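Here it is, the structure in full.
Note that the chains are named A, B, C, D, E and F in the order they appear, and that numbering of residues resets to 1 at the start of each chain.
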Amino acid sequence: MQSFEKRTTALDTSQPSIRHLQDLIRHKTPVAVQVPGVGELEGILHWQDIDYLALKQDENRPLTLINRAAAATIRALG
Amino acid sequence: MQSFEKRTTALDTSQPSIRHLQDLIRHKTPVAVQVPGVGELEGILHWQDIDYLALKQDENRPLTLINRAAAATIRALG
Amino acid sequence: MQSFEKRTTALDTSQPSIRHLQDLIRHKTPVAVQVPGVGELEGILHWQDIDYLALKQDENRPLTLINRAAAATIRALG
Amino acid sequence: MQSFEKRTTALDTSQPSIRHLQDLIRHKTPVAVQVPGVGELEGILHWQDIDYLALKQDENRPLTLINRAAAATIRALG
Amino acid sequence: MQSFEKRTTALDTSQPSIRHLQDLIRHKTPVAVQVPGVGELEGILHWQDIDYLALKQDENRPLTLINRAAAATIRALG
Amino acid sequence: MQSFEKRTTALDTSQPSIRHLQDLIRHKTPVAVQVPGVGELEGILHWQDIDYLALKQDENRPLTLINRAAAATIRALG
């Protein structure tokens, strides 16, 4: 049996964590994300999806994609 | 075949670990969470969901979201 | 399509490892669990579930929940 | 029951991160990929699939396959 | 909908790696298993299941369960 | 409900990475595989399956199985 499955999976907004991050994005709250082996990355979250967080570390730099699995902790700096 | 599936997955409260954490949350028991590459984070667990634990490390600081996969050990400090 | 699925998943006792750990729990055999980035934790396993091992490191301390994915090795000290 | 399933899974282009990386590939934008335990790898992304990113670090060297799970952060150097 | 599913999943012996390990077990071939953050563990593999490898490091010591995900490399010492 | 499922899952050859590795195997191209916490392993890939890469590091030594999840980067040395 061959199944070609284009899974379009949406974020599960029933999860408090997804809504918490959505608030931080909406309010452009500065955050710190700890990435073991890389360090603590600070900036504004622009968006989140199933696998990545998009962080704007500096107005003059492009977005940094952070692998959700690599983001050990996320906390608002507000 | 394209399936748009908005999976709303609840915590599996048949698991002893989920209930154990639920008790710690309900009783506001101080805990220590070991996060390899970050350190030991202490505070009160406010909530848990499928992917994250929400820890209040200090009354004057916002919640810290801890990626469940990054939380190697969790123990009550009570 | 929205599916609310409360998955109640039991431990797969057909796996030798689950039965091996169940024996250690039943016989209260002292064990050592290596958790990279944390160290070697010694104690008595009280229970196991899908995602965590519950270790009693010391009679006077609460249980320590160890994330199964973080427990690199488990060996009896008996 | 034995199921032989040749799962052909396509990239989920509904995810912003997949489209973001697709743009970087299309525009041959130089990127830096942080791989904990290995270092920061710089180059041009040639393609992405479910499990790997293909990075051309140097015109005279073959492609480097980077395990998506090992790529903690990805940012454009443009 | 609540589904109580006791998934009994067998090892996929169509995979060359499972058969390779099965040979090492059958022939009691000494092996070395690299476990990042723990070190290199040597001994005889007694069995394997979905999630763990069982290694006899020394005739006088109990089995060591190694989490498959933590076993970065496995090689015969024969 | 108990389901005994012997999942025989084939490599998804629609993925460019699987085909890329298949080429390296077919042409016996020397490769370097970075395994965080272990180091860089060089040799010839003999085969790949769902969970492991089989590397011949030296004609006089047995195969080394590398856990795919532990192989952070793979690049041809050719």
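Going forward, contacts are C-beta pairs under 8 Å (C-beta built on N, C-alpha and C of every residue); 3 or more make two chains touch, one makes a residue touch a chain.
Chain by chain, the UniProt names read as follows: A, B, C, D, E, F = Hfq-related domain-containing protein.
Everything numeric here is computed off the predicted structure, so don't read it as measured data.
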Shortest path length from chain B to chain E (each step joins two touching chains): 2
Labels of chains that are neighbours to chain B and to chain C: none
Most remote chain, CA-based centroid, reference being chain E: A
Taking each chain's C-alpha mean as its centre, the one farthest from chain C: D
Rotation, 0 to 180 degrees and nearest 5, that superposes chain A on copy chain B via CA atoms: 60
Centroid distance [mean C-alpha coordinates] between chain E and chain C, Å: 17
For chain A paired with chain E, centre-to-centre distance based on mean C-alpha positions, whole Å: 35
Interchain centroid distance [CA atoms averaged], chain A/chain C, Å: 30
Residues of chain F touching at least two other chains: 3-10, 36-37, 69
Arrangement of touching chains [line / ring / star / complete / other]: ring
Successive chains around the closed ring, taking chain A as origin and chain D next: A, D, F, E, C, B
Touching residues on chain D, where the partner in the complex is chain F: 1-10, 35-38, 41, 47, 49-52, 54, 61-67, 69-70
Residue ranges of chain E in contact with chain F within the complex: 3-10, 12, 14-17, 20-21, 34, 36-37, 68-69, 71-78
